[in-house]
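Note that subunit A is present in both complexes that follow, paired respectively with subunit B and with subunit C.
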Partner chain A sequence: MRKMLARMIRKELMQLRRDKKMFPILFVAPIIQLIILGYAANFDINDIPVAVCDHDRSEESAEYLGHFFGSGYFTRTVEAAADRDIDPAMDRGIVQLGLVIPNGFGEKLQRGEATAVQLLINGSDTNYASNGFTYAVQITARYSAAILVERMAALGVSSVPGVDLRQRVWYNPELKTRHFMVPALLGLILMIITVMLTAMAIVREKESGTIEMLVVTPIRKLPVLAGKLLPFLFIGLIEVLLVTLVAINLFGIPFKGQGWLLFVGSLLFLFNTLGLGLLVSTISQTQQQAMMTVMFVIMMPFIYLSGFVFPIDSMPEMFQYLSKGISLTYYLEIVRSLFLKGSGIEVLYKDFIALTILGVVTFAISVVRFRKYI
Partner chain B sequence: MNLHAVIKKEFIQIGRDPRSLFMLIFFPAFLLLFFGYVLSFDVRNVTLGVLDLDSTQRSRELTLTLTGGEYFRLETMFTNRDNLDAALDDGTVMVALVIPEGFAKALERGETAPVQGFIDGSDGRKAAIAQGYLQAYTTAYGQRIVADWALRMGRKISLPITPEGRIWYNPELKSSLFLIAGLIVFILMITGTISTALSVVRERERGTMEQLLVSPLSAVTVIIGKTLPYLAIAGVSTVIILLVGNLAFDVVIKGSMLLLAAAALLFVLAALGQGILISTITSSQQVAFFAASLSSMLPSLLLSGFIFPISGMPPVIQAVTVVVPAKYFVELLRGIMMRGAGFETGMYDLLALALFSTFMIVVSAVRLKKVRLV
Partner chain C sequence: MTENLTAIEVSRLEKRFGPFRAVKGIDFTVGRGEIYGFLGANGAGKSTTIKMLCGLLEPSGGTALVAGVDVAKDPEGVKRRIGYMCQKFSLYEDLTAAENVDFFGGIYGMAPDRLKARRDEVFALLELTERKNTFAGDLPRGFQQRLALACAIIHEPDIIFLDEPTAGVDPIQRRAFWDLIYSFSAAGTTIFVTTHFLDEAEFCHRISFIADGEIVAEDTPAGLKKLLSAWRLYEVQAADPASLLPAVRRLPAVKSAALFGDTLHVMADAAVPAEELFAGVAGITAVEQVTPTLEDVFLHIAGKTT
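And now, the complex of A and B:
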């Protein structure tokens, strides 16, 4: 029995190795991808290009602008003489934000009256727009509050009540999105490679008819299945190791958690992905069909609903429940917590349990289907 | 005439696998429908925990101010500092606010009362936005306190500078607009590059390519005949995506339809060229899939500016994006759909796409002549 299994695994590895380009593409390509994507997957927004139209040209407006651009979030890219000069710069995507200071801005401030500035936001990039707007409002509010205090002081009031918020950021103090995205790319790469590889490898034997041959041999069905799946489990685990090494050494992302938790979590996640690959293989007749099914039915929903880029908390409630049925959601939670927070088992046990349940269910369904088919 | 026969053969073959055809044509639109409502980069319902050591009307007022809108959701009230640490650790809350004892008294005396905010920075992007919200809310609250206080002293004061925001092009910051461009890119890449590469390699795997090539057909005719049906499928799918976008999400194409068609055609030609190129260097569908998806799909999603802003990437990666055709295509699509761009504003991007498609077609044609497809 054990011998049979060993032979099946050897056969599978031989088959994979027969295509000389297989191993480079399995191990080298994802690493190159990780490196490029790790640098690219970055939401950090600074130096948002801004067009300024200063109708006032007073000392006050210059001071406000100095404050605005001194924040480091914005770059003064275009000087517009009139409001309409902002349009073409926005149209061509040269600037993301327009700032208009009205006539009389300085005078009104001097007289202690209220005035307004206009912020024009390029909404075609929603992420940019909402961030840029939030920053601009924040800077203006703080500047405005400072003026208020000055005014009160001028009136002879030395102390004005106020709330002073001191914020401290934990786990990722510089708010680097990379520290959040690179560990998540591990989940993505692992999912794409193992689900697709498993599904295509089994369907390939179906296509060429060799799976029937395997089944009529004296080997029992389970060793056949295990022999087909175990090599992909090894490949997946090697992938985890490689990606983790790159994340730590190249991107300088500290791994704060315990290694064995990553190992166990990855094992459970691979259990899920292999099960999904097997499931797809039982419902697909050709490799192209398998590929299409994996891509549209598994990959897209997984990428979108797992919290990989789109925050789960902001989704409609129904979809928040859907995201709970996706193994990648839990794996990302585990990987990110391990890297960034160094969480222990007492925090992560729920995710481990969820992964186990999902894995068992997926596997049970696919094994039943696999047996029925053959 | 010969070409005609190859096209017919390919259509018959595609028709034999209705599931894949169905997925290629309808699934992208379905995904758009499904996810268009869900996906958003907006940060809402940030989980908040408050440690109120003051327990006065004032401090409760501050908590109420924060949780009054849709930005923060009060998850829990802490009773001591250990609770707070634990909740940040296990992810129960993302933001924790500490209102120290003496908060109301300080405000009463006209002093500045400190409050502390702790933020889980793991998700850098979300944390930066949450930080902004927290700052904005406390600033607003502080201003209200000042106004109350001034009123009591018999003075009426107004906020010196109010920022007035106006969002252009996509005033509701709808992510569906954002998504449509990305989905079109995605589907064109799948049909163009991946399906083409797989369909050619499949014939090589099965040995039917040999039969085609010993027929009086030239290799180029065979390849063109095999790719044109995919071009047609891509076209149909794109039209369906746009229709769904229009019907379900009121996405109106503001710009030139002709430009859109020209851009899509050029982009898909580049994708087809890439697919053919991959088919000439791989000999199994598995490897072809990974080569195609790693070289086309992931860069199109992550290096095109579809999800991650290009200006936030390091210079080296920004240089890499110059050779990602999807970057120009996404830029064009967004321009056309949201800003009503026409040929004069889209010229540069269109030219870049034309260059890519010419290059890809030429290179793949040269490779086709050189390699023996059998």
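And now, the complex of A and C:
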């Protein structure tokens, strides 16, 4: 039994080594993917281009604009002589926001009256719109508060009652998207590679008919299965190491947790992905079918529902339940917590348990199907 | 020493899939060293029977003893004693010829030095020695066929199952392949072969036809041809054979007629002399009686069962 398993593994490794396309797929593609996604998957908004139409041209308006663009969130891209000049700039995508300062802005402030500025927002890009809006509101509120304090001081009032919100961001102080995304990419890359490769490796033997040759030999199905899966488990673990090293060294993302938790978590996650790959192989007859199934039935829901892109808490309730059935959800939680928070087992044990349960179920179904149909 | 002279003994073997009886209680025996041809149309129950004999499919009824082992009770025991080669010559194309054979030998639990000796022997026999380091995928079709055979016989099985073994191989390679099969048979290995090539079936010692899950005929090739003893086969030459076909078919003593190259093959009642038979048809230049082939037998049997 053990001899047969060794035979299977040796054969698999031999085939893997021979496959000239395999090495780049296994080790180069993930790094490129990591680099591209690590830099591109960036929701941080800086330097939003703004068109400014300053009808007032007063000292006050210049001061307000100074605050606005001094924040670093906005760039003054277009100077509009009239309101209508903002329109074409926004149409052509040159600017995302338009800021209009009305005539009499400075005068009214000097007289101690309230005044208004107009903010035009390109709502077609919700990311720019919501961020730009938030930043603009904050800047304006701070500017008004400063005026108020100044005015009160002039009246001899030394303190103004008010609530000041002091925020401190934990775990990712600069709120860098990259710190959030790169650890999650580990989960994504691991999933793509192991599910896809496992499914393909088994379906390839179906296609070539060699599996038919195997079943007429006295080899039992479990060594065949283990021989197929163990090399990919090993490759998966190397992948974890590789991606973690790139994340730490290239992206400067801190790894605050304990290494053994990452190892155990990855092992449990791989248990899930290998099981899924096996499951796909039992329902696919050709490698193309397997690839399509992996792409649309596994990868899409995994990416969208796992919290990789969209926060789970803001999903409709039904989708929140669905996300609980996805192993990547728990693995992402583990990886993100380990990298950014340095959480220990006392926090992560629930995710470990969930991964174990899902893994056992997936594996049980696929092994039963494998024994029956292959 | 009691030598068992029966390699395969099948008795009332049956396979049901739900209400459908794919194999309806068939009986046959195959002697040791015999080349046994198993013929039948697709869906006739051919592959279901082979699968049961190889221990891949559990019979629903009856018994099958393969190399003395009951397939229902010990399928793994059967697998150890048989070799199997399927029609796709399934090999690992990215492994060399030697690696393919070593892999299968290893799976059969052969010790490394015995495996190596046996591999050299098999490769010499199959003339694969020079190609042993060639990737299986780069081998010409005929060599792939022999390599698949090498993988099937590396563990010295008592019985070899060949499923459409010569599909897509040129006639010279096919002939060479059959010479090998004869040498195995002479050495005492039993061969169970399925084929679509009816001329090839003539190489078998005995043949059975399976149709609709039942064996409809079983005999030596010569014996099967005797089934046609009430009929004679004629080769008819004519300037335009196709135009004569309807008229020939209408003749009362003719059972069947078909175009065969630029001649007609006509099967007719043996009781009617040839001169009399074609008297009423104009345009025939020559009539010659020919020996029926297994194909004629097969068409005759198939015509009876449908």
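Methods note: the second predicted complex is superposed on the first by the 371 of 374 C-alpha atoms of A that agree within 3 Å, B and C clash if a C-alpha of one lies under 4 Å from a C-alpha of the other, contacts with A are read in each partner's own complex, and residues count from 1 in each chain.
By our rule, a residue touches a chain if its C-beta (ideal position, glycine included) is under 8 Å from a C-beta of that chain, and two chains touch if they have at least 3 such contacts.
In this text the structure is predicted, and so the values were computed from the model without any measurement.
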- Note on the structure: Across subunit A, the partner (subunit B or subunit C) reaching more residues is B
- Message: Quick one: is A:4 in contact with subunit B, with subunit C, with both, or with neither? Answer first, second, both or neither.
- Response: second
- Message: For A:19 in the superposed arrangement: first (subunit B), second (subunit C), both or neither?
- Response: both
- Query: In the superposed arrangement, which partner chain does A:368 touch: subunit B (first), subunit C (second), both, or neither?
  - Reply: neither
- Touch check for A:218: first (subunit B), second (subunit C), both, or neither? second
- Query: In the superposed arrangement, which partner chain does A:168 touch: subunit B (first), subunit C (second), both, or neither?
  - Reply: first
- Message: Between subunit B and subunit C, whom does A:245 touch in the aligned arrangement: first, second, both, or neither?
- Response: neither
- Which partner does A:210 contact after superposing on A: first (subunit B), second (subunit C), both, neither? second
- Check: subunit A residues flagged as touching subunit B and also subunit C 19
- Message: Quick check on the complex: what are the subunit C residues that touch subunit A?
- Response: 54-56, 76, 79-80, 82, 84, 86, 88, 90-95, 99, 103-104, 106-109, 151, 161
- Note on the structure: In the complex, subunit A touches subunit B at residues 19, 21-22, 25-26, 29-30, 33, 36-37, 39-47, 49, 64, 90-93, 109, 113-131, 133-138, 140-145, 147-148, 151-152, 155, 157, 159-180, 192-193, 196-197, 200-201, 204, 285-289, 291-293, 295-296, 300, 304-305, 309-311, 313-316, 319, 333, 336-337, 340-341, 343, 347
- Query: Which of the residues in subunit B come into contact with subunit A in the complex?
  - Reply: 17, 19-20, 23-24, 27, 31, 35, 37-47, 62, 88-91, 106-129, 131-136, 138-143, 145-146, 149-150, 153, 155, 157-171, 173-175, 177-178, 190, 194-195, 198-199, 202, 281-287, 289-291, 293-294, 298-299, 302-303, 305, 307-309, 311-314, 316-317, 320-321, 331, 334-335, 338-339, 341, 345
- Interface with subunit C, subunit A side, in the complex: residues 3-4, 7, 11, 14-15, 18-19, 208-210, 212-219
